[in-house]
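Got some structures for you, see below.
One chain, chain A, links the two complexes that follow: it is found with chain B in the first and with chain C in the second.
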Partner chain A sequence: MDLAEFLEVLREEFDEIPSELITENIDFRSLEGWSSMHALILIALVDNHFGVLLAGEDLKSVSTVAELYNLVQNKLN
Partner chain B sequence: MALFSSSGISIEAVSVCVPQEIERTLEYEWITENERLLFQKTTGIEERRVANETTTCSDLCYTAAKKLLDELNCFNEIDVLIFVSQSPDYYLPATAITLQHRLGLSKSTMSFDVNLGCSGFIYGLSLANTYLQNPAFKKVLLLCGDKSTISTSYRDKSTYPLFGDAGSATLLSRSGKESNWYFNFYSDGSGKDAIIIKEGHSRNPYKWGEELDYFEVEPGVIRTNKHLSLDGMKVFNFALKEVAASIKELLDFSNTTIESVNYFVLHQANLLINESVRKKLKLDKDKFPISIRHFGNTSSASIPLTLVYALKKEICHPQKMLFSGFGVGLSWGNVLLETENVRTFFIEGTLHEK
Partner chain C sequence: MKTRISHISYHLPKNILTNRELASILKCQEKELDKKFGIISRHVRNEGEVGSDLAIAAIDNRILEQKSEFDFLIYCSESSDFVAPPTSVNIHRRLKFPNTCACFDLPLGCSGFIYSFGVASALISSGQANKILLLFAEIPTSVIHSEDYDLRAIFGDAGCAVIVERTDSEFQSKFQYGTDSEGLKFLSVLDSRTKSPINSNWLEKYKNERDFLAFGRMEMNGLEVFRFSIERVPTLFKQVLEKHDFTIEDIDLFVFHQASSLILRSLQKKLNIPKEKFFEYFENIGNTVSCSIPIALKEAENQGKLKEGDKVMLLAFGIGFAWGGTIIEWKKLD
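Showing the complex of A and B:
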């Protein structure tokens, strides 16, 4: 799954957030209505699509979708 | 290593009692409407049963057990009474002993409490199994449940809308059948802080006259240390890492193909966790019955509640099932078993209230 496909998955999953706001360089914590619940959904989504289980600290170390994607790729390699 | 099998026992009946009072997620005013919708979509919880001030977990378990014993007419046959709960009636004595008397069971009944939460039903089944391997024991009454809502702070969005109250009674007996039951269990005390009530017992005792000291953990989470505290991220990571793996281990140990199991009845933690486990096992939704939408997370009662609520008809016929309990401790375990002609009872409202 490349970054563009990952963004599509995020847009589909977070259907309560306007899809045009979900871009590779968006700081996801800055999105209106972002909550700790979204962080859990993100971890479940990454686990399901990539087979990578992120810890809370992993998620805290990144702020944009692109950084998150790279983090997952690094863990896969 | 807690990985073993046994045979010769069966579940005769499962009975569950829930309070009549309902609280709905969309009416939880501490959080915004958007947060309520997201919480409901993610956890699956639309409503929960909440016991009133005068109802305890033992009242719920008592009502469930009384109905079961009345219907099966076996008050005089119970050799062991086990009460699995983290909301006992008193600091002491053990609630199981008060229930022996209240249910009118013989003084020769062996009665004791077990302090476990979400994994408690599986542990209870293994204890029942252990006693029933001895011919001296014919029937074990296993009571599991919690009044979790007594420990949650209304101003804590991470716990208050998650937990519901329920009490269950499961009757196990020696069947003489050859079919095997397989168990595996795990404990990880390094995760003790993930779900904890810090104050009120020996480590941090309650001091007379002490006032409740509320503090803000994060936005939307205001509680005291006498309330239940839950680190959602840690619990979530634990469940994703351990549950599916332990289920696969048990299937391997028992030489059972995943397809041959009719139902996987998981502790109803929240839908996001349960769905993640299901996807890891690559199984269809119809093999994963749920009750969480209407009852929330009911601790050690959640598996019996799912059996009587979602599998009432199915459990009358022969089924191969896997039950999985996981949570506070951290503690987790699974049992693979066969059920047949299990009688079920579902009661709303306790006898105590009537």
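Showing the complex of A and C:
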């Protein structure tokens, strides 16, 4: 799954957030309505699509979707 | 000797905490809470109501009629009426069970149904019992601080009664259990007992809480509990299938501990379980800890989702971290 496809998955999952706001460089914590529940959904999505189970520390170390995607790729390699 | 679940009855306290009430406290939209938790309302014990009250309220006439036939009364709960004797003894006394019915407690949480059912099955299979009454009573709201909103939204109180007895069926349920004790750091109610008894500072700190939170305060790291669930349960799923020499296609219905909508949804997707075979029942009761599986089984039968001979996978997981799983062959409840 490339970054563009990952963004599509996020847009579909977070359908309460306007899709144009979900871009590779958006700081996802800055999105209106972002909550701890969204962080759990992100962990589930990454686990489902990449087979990587992120830790809380992993999530804390990234801010944007692109950074998250790169973190996952690094774990896969 | 094989065992079957022959009867289930349950009770929910009359008090209901709705998302409307929670939303007004949190000053947010009711719909946000509906979506966030997948739970619309949950039941909360009445003032002074204890575990034995909910367990007794769950016992219907069908069970009372068989009172003289039970070899054991097993009470599974994290909420005991006293330090000693066991709460099962208090229930035995209150309902005047005969002295041929022995009692003991199992102080387990969300995994409690599988452990209790497993112990009951072992007692029956080894010839030590023919019929056992399992009682579950959960009052998690008694250890939740009024400002711990996520916990208030997720958990609900309930009582449940289950009869397990001998059967001539050929099907043998096999059990898988496990514990990751590092989970103690992430989900616990640590205070109020001998290790760290409550003191005057505690009473002062929680003077505005119901009962001064004197039974302890639940603490949960939601992220770690979630990670545990989506990491551990798939392994348990595989082990339980292998123990029975089954594949996913052999299972007619999956009834997991009703932890939260997000955990259930994630597991259903991760395990590729068809939605129509994945039973959920928590929208109006929340996570009722050890009561969640037997309540879901009862509702699945009520809704016509279970028929004679169906193979049903039961998986439970939670505080400890502890987990357990089995597969049962469904027999219509008495």
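Quick notes on this structure:
Note that the second predicted complex is superposed on the first by the 77 of 77 C-alpha atoms of A that agree within 3 Å, B and C clash if a C-alpha of one lies under 4 Å from a C-alpha of the other, contacts with A are read in each partner's own complex, and residues count from 1 in each chain.
Here is the rule we use: a contact is a pair of C-beta atoms (placed from the backbone, for glycine too) under 8 Å apart; a residue touches a chain by one contact, two chains touch by 3 or more.
Predicted, not measured: the structure shown is a model, and the values here were computed from it.
Overlaying the two complexes via chain A brings chain B and chain C into a clash. By the touch criterion stated above, A:35 is placed in contact with chain B and with chain C alike. Note: residues 16, 33, 35-37, 39-41, 43-44, 47-48, 53, 55-56 of chain A belong to the chain B contact set and to the chain C contact set alike, using the contact criterion stated above. Of all residues in chain A, only 16, 33, 35-41, 43-44, 47-48, 53, 55-56 touch chain B in the complex they form. Within the complex, the chain B residues that touch chain A are 34-35, 37-39, 42, 158, 218, 232-234, 236-237, 240-241, 272, 275-276, 279-280. Note for the complex: chain A touches chain C at residues 16, 33, 35-37, 39-41, 43-44, 47-48, 53, 55-56.
Those residues of chain C that touch chain A in the complex are listed here as 32, 35-36, 150, 222-224, 226-227, 230-231, 262, 265-266, 269-270.
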